[in-house]
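These notes open a run of structures that come right after.
Two complexes are shown next, each including chain A; its partner changes from chain B in the first to chain C in the second.
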Partner chain A sequence: MKPLKLVVAGPVAAGKTTFVRTLSETAVVDTDEVATEAIGKASTTVAMDFGTLDVGGVPLQLFGTPGQDRFDFMWEILSEGALGLVLLVHGQRPADFPRARDILEFITSRIPVPFVIGVTHQDLEPVWRPDEVADYFGVEHHQAVGLDATRADSAVAVLLRLLALIEEQEGASVADAPGPTPSAGEPGA
Partner chain B sequence: MDKQTQLNDVIQGLRSAISELREVLIASTDGLAIAHSHGASDPNRVAAMAAATLGVGKRISTTLDLGEMRETTVKSANGQAFLYAIGGKGVLVLIAQSEANVGLINLEARDAAARLEAVL
Partner chain C sequence: MLANRTGVLRVEAAVPSRWRRYELHLDRDFLTALYVDERALNDVMLVRDAFRTLVDLQEGSFAFENAAASQLGAAMRLPVKQLVLSTATAIDELAQYRSRFPHPDIVFQLRQPVAEHLPGDLELFYLRAEAHLMRGCSAAELAGILYLSVEEVQLQFYKLRAAGRLVPVRSYAREAREAAWTAPSRRPHLLARLRESLARLGRGQR
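On to the complex of A and B.
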């Protein structure tokens, strides 16, 4: 079965690298470098995180992106051919939500794929709940999921929600598609 | 002499040693421009791309057990970009015309990267 490529994006310190590390069943390819700016953590991803896992028999490839705008060319490179997007936002950093919205817009304008918004740090208080974040982004409540990116069960739940959305869309596009075309049986078709 | 002056001296030294250079840039490993010559490119974008490229190069080196990653080159139809690791501290970028003298560039740039490591 062909692996399903998913992109994990979001602002700095949302928990993207942690998310990929928690989920991957193979050694994660990461590109952490010492952060020279004050971003609230010691290191930062400069190119990508890459991990793989199997969810319900579906092989998945996770491509985590850098968070800073200056790496937006990596968002573009890593999004190529992706079939779904996990947008992670830090549940305690509402000031980063506008930036997250820009990232969402940047990626979905290039690849119109299904996405879920993962609201991280749900283990902390006070925190924005997924429903509140969904309202902020103007998306359906089922498109936002709360999580603790350090916990596998919690991170997998986000992927399951995304997989359901991808399946739903595929089902819809199959339903929308016209029946067998007259050209189907013609030579060269 | 302050750091910025020392960095600019290294850049000037490279430019006078290699006439075919279009631009020179020094970036931190997390992709911020530290010093650069005047040129047409946006230093902030080049710095981020250089850091990302170096970051992937480092991963290739460790994954394949090749030891410390030192340099990588992008050769294109209308020019070439040379990237040198400055120890673990940064990246030196030289952008040159496609017919530039690669031997001279490597010689000068490796020497410059070693000096930059002492400065940064």
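On to the complex of A and C.
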């Protein structure tokens, strides 16, 4: 079966590499290099992170994007044809939210990809809660979910929310459409 | 230096990504015509934006040729000193908001046509941009269409967005709606299969 692609984006230090590593069943191919600017950590992703996950026989490829501005061309390249986008934001770094919103809007206004916003570090205080982050981004509350990127169950919960949103969106679109809505011909049907 | 002179000031300079030629027709302290790459600019907003670009130039060449007032273009009559002052204000405004500008490639769309009057340059911008913004376009795209600098369009986008008039396009939602109407296709079984398998993964069952 043709692999499905999932893109994980967000500002620097949002937890993208951790998220991909937590979910991936294979060794993650990363492109971390020593940071040459003061970005709050010693190394950073410069091209992408890549991991894979088998979901009931459906291969899922996980692509983590670089967070820095100068790699913005990668966001579009990696998002083409993706099943969905997970935008991660650090719940304790509201100063990064404008950057995160720019990334989200850059990708989702240009590429037709459904998305969910994952708000990391929910175990810490004080922290922005998912519904507050959703308000900042101007999206529905159910499009933002809190997570601990180091825990598999938490990372999987983000993917489940994304799938629910895709089903909801496609269901609503089909329900709005005129006439019969054939569903044959899809893999796994 | 050019105060009280009448003639044509020609400036050639490299602006980001291209070489540009400006031609300013000056009748003493008044600008009577302005051409950019031989295209006449015919409204105040375009003229101010061109002035701002001229002020920002780092290097280039210029020449002034004396001419009689009757030989000059007569598309407008704008006082140069006021133009310079308003350019300085525009530069300040750009500097103040630049860090908040949306990425120039984000595609924005109007929620609905704006019925009421908008303040200052925003009204001029809106009138020129409305049709493009109804279908959705980026600052970079619109700048090319309207012959404005990308930063000027980003500034106006920022203002329209702050006023709740402009929203980013959600390409997926738009495409899903259109696809459902033109060629309905859905993949509920695949999505359900993924969801069930992921739920098992979440419970630690590989």
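As a working rule, the second predicted complex is superposed on the first by the 166 of 189 C-alpha atoms of A that agree within 3 Å, B and C clash if a C-alpha of one lies under 4 Å from a C-alpha of the other, contacts with A are read in each partner's own complex, and residues count from 1 in each chain.
Methods note: contacts are C-beta pairs under 8 Å (C-beta built on N, C-alpha and C of every residue); 3 or more make two chains touch, one makes a residue touch a chain.
Just so you know, these numbers come straight off a predicted model, no measurement behind them.
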Which of chain B and chain C A:Met48 touches, first, second, both or neither: first
Which chain makes contact with more of the residues of chain A, chain B or else chain C? C
Applying the touch criterion given at the start, work out whether A:Arg70 contacts chain B, chain C, both or neither, answering first, second, both or neither. first
When the two structures are overlaid on chain A, which partner does A:Val29 contact: first (chain B), second (chain C), both, or neither? first
Scan A:Gln169 for contacts with chain B and chain C and give back first, second, both or neither. second
Could you look at A:Pro126 and tell me whether it touches chain B, chain C, both or neither (first, second, both, neither)? neither
Shared chain A footprint, chain B vs chain C, residue numbers none
Chain C contacts chain A in the complex at 100, 102-103, 105-108, 136, 138, 167-177, 179-181, 184-204
Chain B residues within the chain A interface of the complex: 28-32, 44-45, 47-49, 51-56, 58-59, 63
Once bound in the complex, which stretches of chain A touch chain B? 29-31, 33-37, 44, 46-48, 66, 68, 70-71, 73-74
The chain A residues in contact with chain C across the complex are 4, 53, 55-58, 60, 72, 98, 102, 105-106, 108-115, 138, 152-153, 156-157, 159-160, 163-164, 166-167, 169-171, 173-174, 176-183, 185-189
